[in-house]
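Right after this note come the structures.
Common to both upcoming complexes is chain A, partnered first by chain B, then by chain C.
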Partner chain A sequence: MFHFNPQTVKKLQRFRQIKRGYYSFLALAGLLVLLIFGELLVNSRALIVSFEGELYFPTYAAFHPGTDFGLDYSYETNYRELKHQFASQGGDNWVLMPLVPYNPYENHAPGGIFTPLPPSTEMQHYLGTDTTSRDILARLFYGTRIALLFSLVFMASVYLIGISIGCAMGYFGGVFDLVFQRIIEIWSNIPFLYMVIIVFSVIPGSVSLPLRIAILLIVMVLFSWTGMTYYMRTETYKEKSRDYIAAARIIGASNSRIIFRHIMPNILSTLVTFMPFTIVGAISSITALDFLGFGLPVPTSSLGELLKQGTANLRTAPWIVISAFSTLVALLTLVTFIGEAIRESFDPKIFSIYQ
Partner chain B sequence: MASAMTNPLLQVDNLNMYFPVREGLMLRAKTFNRAVDGVSLQINPGETLGLVGESGCGKSTLGRCIARLYKPSAGTIRFQGEDITHMSARALRPFRQNIQMIFQDPMESLNARHTVGDILAEPFIVQGIGDSAFRSKRVAELLNTVGLPARSATRYPFEFSGGQRQRIGIARAIALNPKLVICDEPVSALDVSIQSQILNLLVDLQSEFNLSYLFIAHDLAVVKHISDRVAVMYLGNIVETADSEIIYRDAKHPYTQSLIAAIPVPDPQRRAQRIIIQGDVPSAINPPTGCHFHPRCPRAEARCKAEKPVLRELGNTQFAACHLASG
Partner chain C sequence: MQVSRNTFWAGCLSVLLLAGCGDSSEPKSQEPSKDVMTEVTAFYAANPDFFGFKTETDIPPNLIWEDGAEQPEIGSPKATKGGARYRRMQDFPRTLRTAGPDSNGSFRAYLLDDVGMTLAKPHPQTGEMYPGLAQAWAVDKPNKTVYMKLDPRATYSDGTPITADDYMFMFWFYRSPYISDPWYNSNYSTRFTNITRYSDHMISISLPQAKPDMTYFATSVRPIPRHHYKEMGEDFSDRYQWQFEPTPGPYIIKAEDIRKGRSIALTRLENWWAKDLKFYRHRFNMDRVQFNVIRDTAKAFEAFKRGDIDQFGLGLAEYWYEKLSDNAPDVEAGYIKKAVFYNQRPRPPFGLWINTARPLLDNLELRQGIAHATNWQLVIDQFFRGDSSRLHDSNDGFGEFSHPTLKGRAFEIEQALQYFAAAGFSQRGPDGILINATGERLSFTLSTGYASMKDVLTILKQEAAKAGLEFRIEVLDGTASWKKTQEKKHDISFVAFGRFLEMYPRFWEHYHSFNAYDTAFLEDGSINPQRKLKTQTNNLESFAIPEMDQLIEQYRASEDKQEMIELAHRMIELHHDYASFVPGFYQGFFRLGYWRWLHYPEEFSYKHASGPGELFVEWIDTAAKQQTLDAKKAGEKFETSITIYDQWAE
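Take a look at the complex of A and B:
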C-alpha cells in the first residue's frame, strides 16, 4: 500500500496551511484539467449536433464532411455557420457550440482581409484576433496547454537523467565521479541557443510537427540535466556516508537496493522543492525561444509567438500583447507561489530527520 | 585461557587499513592515513572482546574491516577458518549473515523513511528468507526479544527514545542469527541510565543466542562490565591485550595504565592517582617514529623513539607492546 511517512503528512498539512501557495496549486491543477479537456471549451467543432433526430458528438470524432448535415460541400463542416443555418430554418435541428467557437489555427476574417480585430463578444472573439485573424483566446489557451505539458515532460526527463547520473556519481565516486564531472563541465559550456539554431537548420522541412516539438524537447533536455546532477551528487555523497547505509550494506543489500530504497527517499524531499522552479524556468525558456522564433514550430500556438506579434503591433493591436503578457505573468506567478509554499513547508530546518 | 586451544571464531592477522590521502589534479595518493596498522586479534565462540581506545585510534575502522564494510589494505581476516579478506561481493552477501553490527547512533543507523517493521524485515528480504507472513512473525518475535511492544512495527524511528531506537538496532543485528556481532560504541550516544539497560540486554542476548561480541568503546568502565578480554588500541595498533580481570588489576602498558587510572571510582575517600597524559593523539597520516605513544608517554626512553615495540607475552595471556613492560 502507498502510505506516507508521518513527516511527509506533516509537510503536506503545512503546505495546505500556506493559503497563497495552496490556492495557487488548486487553481493550477484546475487549469490543467480544463486545458487537458480543452477541446470541449475552445473549439471550432460543435459539442453536440442534433440533426434529423440523431445526435452527433464531433469534438473527439473523425471529421464530418458538410454533406453529413445536408450541406452542399464535402470538406469539414463549419459548425458556426451550421448553427446559424439551423436557427434560421427553425426546425428541430440544433447545434451546441463550445464557449469559444474557434480553433487556434483557423483564420476567421469576416471581411476577407487578415487584420487584427479588437475584442468583441458579439463575434465571440473575447480577446480579439491576431494579425492573421486567429482567435487570441484559443491561441492563448492551447499555447498555455502546450507550454505546461512541455515543461512537465521536460522536468520529468531532466530529473530522470539528472538524478540517475548524479546519484551514480555520488554513490560510486572515485574515477567515475571524476570523469563525469569533467564531461559535465564541458557539456554545460556548449551554448544551448546555437545548438537549437543549428539543429533546426539541419532537420528537413518534411519532418512532422509533433516530431519537431519532440526534437526541441530533446535538445532542451540534453542541455539542462547537468544542473540537477550537482545537487544529487552532493546529497548522495552525504547520505552514502551515513550509518544507515552501512547498516543496509551489512545485511547484504545490493547497490541498486541501497540507491533506490535507502538513498533516493532521503534525497527526494529536496528535489520536490526544486520542481516548481524548474517548471517556471521551462515555461520562460520555451516562451523566450518562441519569441526569438527558434521555439515551437509554426503554426503551433504559443505564448512567445503571441508576444512577438503583440510587440510588433503595439500601437495598432494592443490587445494582443496585453492578453499574452497577462497570461504569462499569471501562469508564472501561480507556479512561483506554489514553489514558495513547497519550499516553506518542506524546510528541513523545521522538519529535521536528524536529531 | 583454555579457550585459546579451541578454534577461534575470528582470527585477524596483521591487518592494515590504509586510506589514501589523494591530492593534486590526478588525485594520486602520496600519503596514507594508517587507520589500522598491523593489528592481530582473535575472538573465540561465545566470547566478548572489548576494544578500547581514544577517538581516532582506528577502533571503528577495525570493526568495519572485520564486518567487511571496508576492504582491508593488507593482512587476513579468517572467520571460522575461512579467509574473508578478499571475498567477492557476490560471496559476501550470504556470508554477511554471520557478522552483524550495532552502530553508535541509532538515529543515524536507522533509515528515517522506513517503519520499524520495514527495517527489521529488510534483512530477511535481502537474504531471501521466508515469505511476508514469516517476516512479520519474525519481526514481532524480534521486537519481543529486545523488549519493545509489537505495535512498534508500524511506527517510525523518530517516534522512539534513544534507548528504544538502540533496541531496534540490536533487533536488526540479531535478526539473521549471526555468530559475531560488532558493537561499535553501542551505548556511548545514550543516557547513563539507559546504558546499563542496553548492556544487560546485550549480555542476555549473548547467552540466549550464543553470540560473540567485538565490543568497541572509548570507555573502559563500560567495557569492564561486558568483556571477557580487552584489547587497547592506540593509533592503529593494539598496545595491550589481556583477560578482563587481569588488565583492570595489572595493566602493563603505560597507556592502559593511564586509561584505567581515569576510570571514576564511586568512593569519595579514595585519593585519585591520575596518570595524566599530555597532548592529543598524533596524526595517523604521519605517526611518530618508534613507539607511537612515546611523545606522550611519561616513561619514554631513547629506545622508544627509535624502535617500534611489538606485542610480547608477559604471562597469563597478557600481551603488551612496550619496551619497558615486564611480566
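Take a look at the complex of A and C:
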C-alpha cells in the first residue's frame, strides 16, 4: 500500500486550505473529465437512436450509413435531420442528441451561405458559428481538450527529460556536467519558432493528423527541456552534499537508488511548483503557434485558430473573439491559481526543517 | 507585356523577407571601367544567324504597315494629372532587378508589365495591337518575320534615346548566363530565331512559326538600356539588386523612395516622351504611387477604412457583403464607392491537379470518382455565395479556343461510389471511408499554398467523406507548396496558374510527356518501365499520353487558326476524359471599394482588363481628398455610389 509521507500529507492539507487554488483545481479537474467524455456532450452523432424497436448507440461505434435507419444514402447519417424526420413521422422511433448537436468540423450553414452566425439557442449554436459556419462551442470544446492534453503530455515529456538529465548532471558532476552544460547552452540558442516553421514546412502531408500533432509536440519538447535541467542540477548538487546521501552511499545503495529514492523526493517541491506554469506556457505557445498558422494542422480545432478568425472579424463577428478569448483567459487563470496555491503550500520556508 | 512568364498565381504568396540584403548599388572590387560591349559584339558575330545587320534597302518593299491608330483611346479625357496614390503591398520586393533570382515577384508588374513599355501591346478593349515603342509594324508571314519602325522620339527615363541596338542587346542580355535565369535563357533562344537591325530605328524579329498571334509575340519584347548594363558580369545579381533600370515608361523609382521592408514609391516623369501620345495621354495620372508594406489583410482593410490606402479589392465574399456591405456607414455616406466590373479573359485554372504518377491515382476510374466526389458547386454557392462560376476545363476564357460545350463533372455521390467500386474500393471502413480488398483506405493528401483558401478545402473534405473519400488537407507556406508540386511530390494539389491575355492556351507545358518524364515512352510507343519523373516543370498531373503529345506537336507547328482551334478542342476533350484535373471555379469579375477622391473612367475599365490598377487609368482629385476627410469628421454625406459594370458579363 502506498503511503504519503507525513510532510506531503501536510502540504496537501495546506493546499486544500488555500481555497482559490483548491477550487480552481477542482474546476479544472472537472473540466478535464468533461472534456475526456466530450463526445457525449458535443457531437453530431446521436447518443441513442431507437429505430424499429432496436436501440443504437452511435457515439463510440463505427459509423452508421443512412441506410441503417431507412434513409436513402450510404454516407454517415445526419442525426439532426433523422431526429426531425422521426418526430414528424410520429412513430415509435426517436433520437436522443447530445447537448450540442454539432461536431467541430461540419459546416452547418442554415442560410445556405458560409458566414458567421451570432449565438442562437434556437439553432443550438450557443456561441454562434465561425467564418465557415462551424459551431464555435464545439470547436472551443475540442480545441481546449487538445490544448490541455497537449500541454499535459508536453509537461510530462519535458520533465522526464529535464529531470533525468538535470539530476544526472548534478549527481555525476565533473566532465559529464561540463559537457552537458555546453550542449545545453548551444541547444537553447537555436530559435525555437524558426525550427517549428522549418520542420512543419517539410513534413509531408501524407503524415496523419495525430502523428503531425505528435511531431509538433516532439519539436516543442526538444526545445523546451533545457530550462528544467538547471533547476534540477543545482537542487541535486545541493542534496548530494547532504549527510544522508553519504550515509546511503556507505550502506552501498546504487546510483539509481540514490537518485530516485533519496534525492528525487527531496527536490520534488521545486518540481511541483513549476508544473502549472509549464502548462500555462505550453497552452500559450500552442495557441500562439496556431494564431501564426504554424501550429496544429488544418482543420483541427484550436484556440489560436479561433482567435485569429476573431481578430480578422472584429467588427462583423465579435462573438468569435469574445468566446475564444474568454476561454483562454479562464483556462490560464485557473491553472495560474492552482500554481500559486501549490507554490504556497510547498513553500519550504514554512515546512522544511533544516539541520 | 513581356513574353509572358507563366507565373505561379502568387495572390497569397507570403515570403519571408530577406532581411539585411546587402545594398550593392556601389560597384564592387571589379575595375569600374569594364565594358561588356566587346563581349556582346563578339556574341553577335558568333551567332550571325540570330543577329543580323542589314540596311533599309533590304526591307521587302510590299509590306503592309499597321500602326493601330484606329484603336480607341485608353483612359478618360476627364483625367487630371497630379496627386499621390497610396497602395498596399503584402511583401517588400526582394529585388529591383527584372531578371535573375527573385525577380519574378509581384512587384514586377510595376517595373515592367503594367508600367514598362514594349513595342506594342494588345488593346484591353479590342485585343488588337496598339503602338508602344514601335510606331508601325508589318508582318511577313511566309518568312515568319515582323518588321518594326521604332518611334524615334522614345527615350529612357535618363534621357538616352532608345535605338535598335537596345533590342539587339536585349537578346544578348536575356541569353546571358550572367543573369542566372534559365527561363529567360531558354525562352529567348528558342522562341525567337532572329533579330535584324536595318537602321537606328528599324528592326525585324523572326519567330520559329508564323502563329496567328505572331505580331503579339514579336512586339512583346522590350529594349534593355545597354548603357546601364555596361559593367555587367558574374556579379550581376548583386550589383543590380537595388538599382532601378532606366525605363521608357512613365514612372521611375528614386533611390530615396526605397525604404526597405517598409515602402517603395513610383514617381511620375514630368517630361515623359509619350505623355501626349494617343494611347498614353490619359493614363499614368498620379504624380506619385506609394506602396506601403502591410502584411496582414485584416490590418490593410482597417488602413483602407481610415483612408490610409485609397482602394481595397473586395474579391472575397465576406469583404463585399459583410465587412464593407452596401449599407456600411462609409458606403452609405458616399465616402467609399463600391464597384464590380465584369471582364473577359483567360481564367486562372483553380482546381485539383491530380498527380497521376502516384499509386492509385494512376487509375482512371478512381480519378473519375474523385471528380464526382468533389463538391465545387457547394463551395461556389456557400463559400463564394454564388458569385463565382464553375470552371469547366483548365483552359476557360480563351474565346474560340476554349471548349464550347464541355462541362466539368458534377458532384454525384452514387456515380462516385460506382467509379470507386470499379477501382476496387467498395467497402466502407468503420469511419465511413472506403477500403479495398487489401484494407487500403481511399485517402489522399490535398495540399495547397493558399492559406486564404483553406476553408474551401475543408468544405471539399467534408463533402468527399460522403462518397467515402478522405482528403487529408495540407496547408503549406506558399513557396513550400509550390516547391512540392514542382518536385511532383504531391498527391493532389489545389493550385492555379496565372493566365495572361493571350490568344490561345498553352498545352505543351502542362500536358506534354516531355515535361512529365525523362523518357516517357519506348520507341515502339509503349510505356518506358524505367521512366523517371521530371521535376521543375508545370506538368503537375504527370500527364503523358502519346496521342496528346502528337496533338500538341501538331498544335505547336500549326499556323492556321482554325486548325489550332480544332486541335485545342480535341486536346481539352482528351484531358477531360483522362480526369486528371478537377476544374474548380473562376471569378468572372473584379470588384473593389475606393475612396471618392479616386476616379475611374465612365466605363470603369476594359473588357480584357485583369484588375482595376493594371492600366493606370484612374486619377486623383486632390481637393476632394481633404474635403472628404473633413466631411467625414463633420458627418456630412455625399451620394452613395455602388456600381455594377456588367457590359462585358459573360
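For the reader, a short list of remarks on this structure follows.
Keep in mind that, in the parts below, the second predicted complex is superposed on the first by the 353 of 355 C-alpha atoms of A that agree within 3 Å, B and C clash if a C-alpha of one lies under 4 Å from a C-alpha of the other, contacts with A are read in each partner's own complex, and residues count from 1 in each chain.
Rule of thumb we're sticking to: contacts are C-beta pairs under 8 Å (C-beta built on N, C-alpha and C of every residue); 3 or more make two chains touch, one makes a residue touch a chain.
The shown structure was predicted, so the numbers you read here are calculated from the model rather than taken from an experiment.
Annotation for chain A, partner touching more residues between chain B and chain C: C. Contact with chain B, but none with chain C, is seen for A:I250 once the two complexes are overlaid on the shared chain. Of the two partner chains placed by superposition, only chain B is touched by A:N5; chain C is not. Of the two partner chains, neither chain B nor chain C is touched by A:V33. In the superposition on chain A, A:A156 contacts neither chain B nor chain C. Of the two partner chains, neither chain B nor chain C is touched by A:A214. Overlap of the chain B and chain C interfaces on chain A comprises no residues.
Only residues 27, 64, 67, 69, 92-94, 96-97, 99-101, 103-105, 107-113, 122-123, 126-127, 156, 158-159, 169, 172, 175-176 of chain B touch chain A when the two sit together in their complex. Those residues of chain C lying in contact with chain A across their complex are 297-298, 317-318, 321-323, 381-383, 385, 413, 417, 428, 430-432, 445-447, 451, 454-455, 457-459, 461-462, 465-468, 472-477, 480, 489-491. Of all the residues in chain A, the ones that touch chain B in their complex are 5-7, 178, 242-244, 246-254, 257, 262, 265-266, 353-355.
Remark: chain A residues 62-63, 65, 73-76, 105-107, 109, 112-115, 131-133, 197, 201-202, 204-206, 208-209, 293, 297-299, 311-316 touch chain C in the complex.
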